[in-house]
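First subunit A sits with subunit B, and in the next complex the same chain sits with subunit C.
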Partner chain A sequence: MTVTPATQELRKESRLRSLADFYVTTMRTEIQTQFQYRAATYMYLLGMVAEPIIYLVVWSTIADSSGGEVNGLTAGDFAAYYIVWTLVRTMNIVFTPYGWEWRIRNGELSGQLLRPLHPIHYDVAQFAGGKIPWLFYYLPIAVILTLVFEPTFDVRPAEIAVFAIAIWGAYLIRTFNQTALGLVCFWTTRVGALFSLYIVLELLLSGRLVPLTLMPDWVQTLAWFLPFRWTFYFPIETLVGDLTNAELLAGLGMQLFWTLVGIAMFSLVWRFAIRRYTAVGN
Partner chain B sequence: MTTLRVALLHLRVGVMNDLQYRVNFALQVLQSILAVGVGLIVFQLVFSHTTNLNGWTHSELLAILGVQSVMAGVVHAVIQPNMMRLSEEVQDGKLDHALTKPVDAQMLISVRQVQLWQAVDIPIGAVIIGFALARLGGNVGVLDALAFAVALVFGAVLLYCFWLVLATGSFWIVRMWFLPELFEGIFQTGRFPVGIYPDWLRFGITFLVPIAFAITVPAEAVTSRLDWQTLLFAAVFTVVAFAFSRWFWRFGLRHYTGASA
Partner chain C sequence: MTEAAVRVDGLLKVFDVPERDEGLKAATKSLVRRKTREVRAVDGISFEIAPGEIVGFLGPNGAGKTTTLKMLSGLLYVSGGEARVLGHVPSKRERDFLRRISLVMGNRNQLQWDLPALDSFELNRSIYQIPRPDFLALRDELIELLEVADLVRKPVRQLSLGERMKVEIVGSLLHRPQVLFLDEPTIGLDVTMQKRIREFIAQYRRRHGATVMLTSHYMADVEALCERVIVIHHGRILFDGDLAALAGTVAAWKTIAVVLENGAGDLSEYGEVIHRDGDLVTLRVAKSDTARVTARLLAEQEVLDLNVEDPPIEDVIELVFAREAVE
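Moving on to the complex of A and B:
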């Protein structure tokens, strides 16, 4: 059978459409699933919120005891930074390398490989869908944090718009980085140490631990050349900082760049990794 | 006496089991060093902007970090694995195997699982405490050392009681996968003296989650800041918490309906 250019076009279009359908359906399913386990999700989010509260309390204490500010940041600024942090964190929680370890060790992956779509689509869609109920759960937490810690905000509409996109950029960058790391499990099913190293780098270079301006200069410079700062510091700064429109757009551009790098890295590792997969039983 | 012997035997088997996996030891050391490293870097950042944090100096905070590391080792090596296993067995209906044995069930469910290599946090913590004390320069008196040891025991028992109450919750709420995440998040508050937190939070991490007793109080003892009233209060609280958790565990058991073959 000869394939005319016209039918080729048609196939491509229907493939895209079915992919979109797939995303919508998976996300919808996940939204419903996540709404079922309210108590568990809440407890998980509470554990997550403890981390920024510690940083916030420590730095507000320092700000108050040293004349109201640290490097120009007041207690109110820290409150704003870490409250937005919690929202960004809620959005950038992704499928971890531990998930891959479990998947490969238990042979769970066999079934997923038989499906017509690449397994990565399931992860991306599933976690993206989960974000919507999580945002609902997150809202009361945000209200309480705002009442307790009294942040100072000064936001422009353009910043809100960029923020709404940037949190998804952060989500994608983290997804592909951590998935690429997860693929290491095809060689060794003890990814824990490597993942810890990744998290340490992220803590120090992303603004997750402290606003990057509190870091030594060389760390700030280093952070410019790595993907981490685009997953925490940039989305947070869109709301909290005073970025110009050009800086906002440049930031989104960098997020796009690192997402593409992540996809490329993931695809490359996947090609070698998948050849090593063997499973017994199931 | 038999109870104690059975407990020790279980722990020994657990240790021997983990001794087979030597590579895990190296990996765990690496992970612990990373965790401690982050703690040290945070202190470095904090003290590059201030000279004391709510009355605690750099060296004194190191002592807190050391105690936190020791407690993390205790929890991760013995307490958490047993409690997660309890929770999973309630979910799967497998708890019958433990309940039908002719020894105290609470003891048995508390010693069946050991993750030996997680315990490397204990010597690492001890080294940090030693380093902190050397930097502080003052002599730790016999009484301080004794108070420190006693406070550590109270702290460990309180953390055990806390975990037991949570895990007993599995009899009502079946899905408890979030427990380690929740605990880990809250446990990190212990890296700083509880005094810096706002009142509501300080109350929470003193009486709901016993972080203050488990970490700040022993650290106060070893840095000669502790008064005997606090230690006495910790003792009373430990006894009450232990009695409560035991009662709660038995209460929960009545809600257990086995499902195994």
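Moving on to the complex of A and C:
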């Protein structure tokens, strides 16, 4: 059968439509699952808030005891930073390497490999779907944190628009990085140590632990050339910082770059990794 | 000539299995030098299955059945030889291939645990890109055939094993697979449920002309569904042919079940008494003696009922394995 360019175009279009259908259906299914366990989800979210509150209390105290600011950041700036931090953290939670370890060891991956769709689509769609109820759960937390810590915000519409894109960019970068890391399980079975190293680097170089402006210059320079900064600090900075339009666009460009690098890295590792799958556990 | 639905030629799967002795000393030693052993799970098997055929794949635990099914469904890369299913090389896992097959494993859950199965079916519709009218028609047909209308609205976690298995089967067939790999589909189910699933598989195959490859430890599954069986042991094929011929080829005896008018006396002079249940006595006799012993029983005893049968398939299979072990 001859496949004309027109036929190829039609197939591509139909494939994209089907993929969109799959994403919408999976996201909808995940929202239903989250609603099924709304109490557990809310408790998880509340637990997660502990991390930024600790950072916030520590830095606010330091700011107050240092004459009202640290490196130019006031207690209100710290409050704004960590309130947005909480939203960014909620949105950039992804399927972790531990998930890969578990699904390879117990054979759950087999069911996914039998589907005519790469498992990564399921992970991306499932976690993206989970964000929607989480966003609703986040709102009251944000209100309480705002009332208690009185953040300083000065936001332009362009910044809000870029933030809305940047949180998904952060989500994709983390997804592909952590998936590539998770695929190491095909060789090592366990990936905990490697993942811990990743998290340490992320804590230091992403702005997760401390706003990057508080880090030494060389760390800030190094962070600019690594993916971590674009998964925390950049999305937060779009709302909290004072970036020009050019800087906002450059940030999105860097997110696109690191997403593509992540996809390339993950695709390359996948090609070799999947040959090692032994489908044990069932 | 019709192309085989499944064609396997010299298929080989070798696993490197790490192994060590017990204890801390051995564990420490393995830090420096890890010992592995090469296990040939599937050792150069060849067979073909025609479109629409249903074949039983038999063997003891660890024989290589599931490994073969996993290679044929594209989960495992082959170590050697060749496999083709519907003209595709399974390990390439092409979309067109995966849309036309299904692997059902009795102990695996593919449904969303927390949601009613109907939601998982909907997810499958989007994964397999099934046009909605076709999806609804087949979904309802399968639900009716398996009588699960009242189950598909409950969260999957609240279903019993048997109920979940039926619902799993519906989910696995929604894309109307042309080749069906069934690995122990009735494992752990009660007799009634086993029978229901057996009937369903036969019906599905008849309606949709599907090719089916089935493994099961329940010989009733195999006897009810398969005319042809492939017996595998230690990764090699020991027998490939008609189920009826297997007994004829391997077992040199038949069984005679007899009920006598005056109760069961001593019948050991006619053959080996292998079972006695009230008035029913089962004798094992050499195949060549069957006609003569039957005639003698009828002439010399007051026979109420008499049946000559091939030995139970379980015994035959056991014999095949025992013979292989000796060789």
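Here, the second predicted complex is superposed on the first by the 280 of 282 C-alpha atoms of A that agree within 3 Å, B and C clash if a C-alpha of one lies under 4 Å from a C-alpha of the other, contacts with A are read in each partner's own complex, and residues count from 1 in each chain.
By our rule, contacts are C-beta pairs under 8 Å (C-beta built on N, C-alpha and C of every residue); 3 or more make two chains touch, one makes a residue touch a chain.
Keep in mind that what you see is a predicted model, and the values were worked out from it rather than measured.
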Please work out whether A:110 is in contact with subunit B alone, subunit C alone, both, or neither, and reply first, second, both or neither. second
Is A:214 contacted by the first partner subunit B, the second partner subunit C, both or neither? first
Partner chain(s) touched by A:37 [first = subunit B, second = subunit C, both, neither]: both
Figure out whether A:158 sits in contact with subunit B (first) or subunit C (second), or with both, or with neither. neither
I'd like to know which partner A:263 touches here: subunit B for first, subunit C for second, both or neither. neither
Who contacts more of subunit A, subunit B or subunit C? B
Would you sort A:57 into first (subunit B), second (subunit C), both or neither based on which partner it touches? first
Just to be sure I follow: which residues of subunit A are touched by subunit B in one complex and then by subunit C in the other one? 37
State the interface residues of subunit A toward subunit B in the complex, per the touch definition above. 37, 39-41, 43-44, 46-51, 53-54, 57-58, 61-62, 65-66, 70-71, 148, 190, 192-193, 196-197, 200, 203-204, 209-210, 214-215
Using the touch rule from the top, collect the residues of subunit B that touch subunit A in their complex. 23-24, 27, 30-31, 34-35, 37-38, 41-42, 45-46, 49-50, 53-54, 173, 175-179, 181-186, 188-189, 191-192, 196-198, 200-201
As the complex stands, subunit A meets subunit C at residues 18, 21-22, 24-26, 29, 32-33, 36-37, 107, 110-111, 113-117, 274-275, 277-279, 282
Which of the residues in subunit C come into contact with subunit A in the complex? 15, 70, 73-77, 93, 95-99, 101-103, 105, 107-110, 112, 114-115, 119-120, 122-123, 125-129, 155
